[in-house]
Amino acid sequence: MNRRSTRLVALATAAGLAVAALSGCSTGGTNAAAGDDVTLTWWHNGTGEPLNGFWQDVATEFEEAHPNVTIEVTAVQNEELKTKVAVALQSNNPPDLFQQWGGGQMNDQVAAGKLLDVSDDVAEELEAIGGSAAGWQVDGKTYGLPFSMGISGFWYNKALFEQAGITEAPSTVDELNDAVDKLKTAGITPIVVGAKDKWPAAHYWYWLALRSCGQDVLQDAGKDLVFDDECFTEAGEELQSFIDTEPFQEGFLGTSAQQGATSSAGLLANGNAAMELMGHWQPGVMGGLTEDGKGLGDDLGWFPFPAIAGADGAADAMLGGGDGYSCSASAPPECVELLKYISSVDVQTRFAETGAGLPVTAGSESGVTDPNMVALLEARNDASYVQLWLDIAYGNNVGGALNDAVANMFAGQGTAEDIVTAMNDAAAQQ
Amino acid sequence: MATITLPSGPAPQRVPAGRRFDWGQPFVYLVALICIGITVVPIAYVILGGFRTTGQLAARPNGLPDPWVLDNYAAVLSSPSFWTQVGNSTIAALVTTIGVVLLGVMAAFVIARYEFRGRGTIYTLFTAGLLFPLSVAILPLYLLLQNLGLLGSIIGVIIPQIAFALPTTIVILVPFLRAIPEELEDAASIDGSSRVGFFWRILLPLSSPGLVTVGVLAFVGSWNGYLLPLLVLNDPAAYTLPLGVQAFSTQYSQNTALVLAFTSLAMLPALIFFTLAERRIVGGLSGAVKG
Amino acid sequence: MSSNQFVRHTDNDQSGLPAGRASARPAPGRADVVPDSPTTREAEGLQHKRRNRRRGRGEIVLFAGPALVVYLLFVMVPVGLAGYYGFFKWNGIGPLTDFVGLDNYVRALSDPVFIGAIGHNFFFVIASLLVQGPIAIGIALLLNRPMRGRSFFRVLVFVPYVLSEVIAGVAWLLLLQPNGPFDALLTSLGLGDAVQLWLGDPTIVLWTMLAVISWKYIGFAIILFLAGLQGVPEELAEAAQIDGASWWQIQRHITIPLLGPTIRIWAFLSIIGSLQLFDLVWIMTGGGPANATSTMATYMINFGFTRSQYGYGSAVAVILFIISFAIAIVYQRFVLRRDTEGALTRRVG
């Protein structure tokens, strides 16, 4: 046994060397002082158009403004990029600027000292971005900036609401329950959820935790991965009592979120149900699920997740997700300049015009025209903070356990305590 | 097949057999038809569904095409991504098959026809591989491929496929090669042929039934492979057909008819290939299970 | 290959059996090529063989080397590493430092979800045997009779087995969706009350998966049985028939007992396949809803990849392997013994 394990260790070491050798092949990464010739490497996930061309344009503009800088832009497919970044950061030659999704993965990178703390350099940008930047901060320090940020909320069918005699979008959970009752009375399926995919169900818990817990509680939990605060159990209890009102479509456990006309988005798009809690991508998905390609058209409305009376969490906190960039710890100062340029109103406005995402910098909203998207942007910009999707914020491991546990609760198997236990257990295994 | 070729009594005796079993004949056909209905109807639904529109499918889920629509199949056949995936699957399956058969027959040759210390160990080592499904090793294999820089590349699919098909291949081929009489080898060597020459000129042609069996199994296995490509390939441009089917069914989920057309076309190559090779496979297997 | 465990194991059985038998049988074409072997020639041949043996080392390395290297590097090393990683708490990136001993194993075996997954595997093991076995034997016996269009029927019956799991899974997902074609079929047959949430109801879904799995893999059982039936001498049946035995009596007392070895091999392959079930389940239900269809393999992928617990996932893989291995050994010893005499562990020569 002993000899065998030594050999295995040797093997593992050899494999590790292979990693180093491979990543050594990647170009770039310099520590030259400002003013000298500098090469920046930039990895992003915009493999398709319009993003690929857009980022190339941004790089070219930056090079023109900074003659000493050469930028090597590499577009890598999203999932592959995650692995590639993780491996490259272990090597001594990481990319300078790279896609950053925030959350648990970023926490690990910060803990390992792989990211550049840009807090002091981007004060102005932080102000312009507001609450959306929270996902790229740890312990009050900023390790990256988002360039796109969307939030979730209830997408609803205005015509069905009218038919059921609901005049105003619910703003509290009690009003939401009333709306559910009225819809049921009118013979309309109140809410669809794609519980087969787990995360759409888990979003309910995320939102209820956001309403039940304070910002510091949520963020400390994300950092320490300890979920002992009572508010986490409260979120589960709130969810249980909401599920008990039976607001969801028949067979929601086997319903997928986005596949086909019988998915939750398909049911909403085809007028078979009144509401769905879903992210900002919903109109696009719904359009694809109707034969005319339009979804509900003008009948589609949006309202943020309602408040819970007397709960600890902020009623104006929002839940969402987005994309950003970080500079690696060894990146030259020019990387921060590039990061700031990407966040400028000019670049952000043009980014919004590509339709590839929702801009974050105040003043760039002119690129967005759709009324629902404008409402969503307003809610996001007015938010006291925007919490990242909890499965991302808490990392794959705890996030996965959370999603599984919530899905179990939807299936009638598991209590509010079980969810918290599952998260704590998963965290202990990290 | 063999039932026909086996010399089993004079032919006339079969006629009375038919007479005696006459009552059973309609029953046999009935049962056969029911079985085939169950196995084939879902597949027929997929193929026929491709000739309908999504509207038709929604209005009458289990109707026949009315009218017949060719647009879906035309759309799939004219989509570059479909052909890219056909190409990727073909490359993966062909290279895997060639690699497995070549490496397998060479190793089996040595195990079957050389005497040396460690021969038994090597054979046992390969045989043990039959109990390691890919799923057991997939996590470390994934990390290994990552370290070798093979993630995202079709080579990262092909090489492990070859490796995991080797035990089967060798275990089937060794008896084949051993069954070829020693005298042949001696004769060849007297005629001035080297051992390697004997391998190429005599052994390979004689063992071709075995080679076809392992080749077909490797080909179909690679063509249908899912878990390995799923984890190794990230870029849609490198997708094989099974990944393509899954991606396509998600991307065009609103257009059920188009998904059905894509699925039909994706299953076609393996079906044709198997239909052509079916006799060989049953023949090869019958050697395996003859009691 | 991998993903299609049944294909792999098909061969597995060949591994054992044919190894023993084929060598005893004349190779195809042998009769035509066997030279008359005069004694002088034989002696010369022996001399050659001895010389060959001496200079064979280079050839051995040349011929067996590539296969061995590929096999060791991509099969044995990963399998060994799985055993090694299983002792660590590890997220797949960074050094292996957090040695936890057997903690991962203890944790897996005390996780009700994993125990449930093992239970589902054994459900599939037993139910597959009970459902597929009798039906497949019946169909094989029928298809073995001389009848018009027999080879056409045979090909059609095998079709589901040849399809990739992805295609089968996607097709069945569409067929079984709520208010989909299958429900419509039931309704049009007047069985509207029997309509269920086939994939959405945790109490139903395991049976739904059993039906789909049986549909997918029964063709393999039929192929094997048909192949086995080719080895049953027709003379026996004909003699019995002349003695006045009915068709059913012949099958019951002559054919099926002679098919015994084939049935036992099929059962072995079916058991191993059920224990390693992954693709169809992953595509159709992902192990859900509420873990109602999780298997050891879906559990492993869920933890290993989705949750990045590589150490824990590896430990689960090792458990999966140990269970398969133990069953394989026991089955070899007690059931297959008379058929193969330990072919799996038998050495050449």
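A, B and C are the chain letters, set down in written order, and residue numbers restart from 1 in every chain.
Everything below uses one rule, namely that contacts are C-beta pairs under 8 Å (C-beta built on N, C-alpha and C of every residue); 3 or more make two chains touch, one makes a residue touch a chain.
Not measured: the values here are computed from a predicted model.
Trainee: Tell me, please, which chain's centre (mean of its C-alpha atoms) is farthest from the centre of subunit B?
Mentor: The most distant chain relative to subunit B turns out to be A.
Trainee: Counting only C-beta pairs in contact, which pair of chains has the most of them?
Mentor: More C-beta pairs are in contact between B-C than between any other chains.
Trainee: When the C-alpha atoms of subunit A and subunit C are each averaged to a single point, how far apart are the two points in Å?
Mentor: Distance between chain centres, rounded to whole Å: 42 Å.
Trainee: Averaged over CA atoms, how far is the centre of subunit B from the centre of subunit C? Could you give it in whole Å?
Mentor: 14
Trainee: Mind pulling the subunit C residues that touch 2 or more other chains?
Mentor: Answer for subunit C, listing residues that touch two or more other chains: 77, 81, 174, 179-180.
Trainee: Which residue numbers or ranges of subunit A touch two or more of the other chains?
Mentor: Correct list: 16, 87, 260.
Trainee: For subunit B, which residues are shared contacts with two or more other chains?
Mentor: Only 143-144, 249, 256 qualify.
Trainee: Subunit B touches which residues of subunit A in the complex?
Mentor: 15-16, 18-19, 22, 47, 77, 79-80, 83, 87, 258-261, 263, 266, 288-291
Trainee: Under the stated contact criterion, what part of subunit B meets subunit A in this complex?
Mentor: Counting only subunit B, the residues touching subunit A are 54-55, 58, 143-144, 146-149, 151-152, 234-236, 249-250, 253-254, 256.
Trainee: Spell out the part of subunit C that touches subunit A in their complex, as residue ranges.
Mentor: 77, 80-81, 84, 89, 91, 93-96, 107, 174, 177-180, 197-202, 205, 285-286, 288-292, 302, 306-309, 312
Trainee: Can you check the complex and tell me which residues of subunit A touch subunit C?
Mentor: Against subunit C, the touching part of subunit A is residues 4-5, 8, 11-12, 16, 86-87, 90, 112, 195-196, 198, 250-255, 260, 262, 395-397, 400-401, 404, 407-408, 410-413, 426, 429-430.
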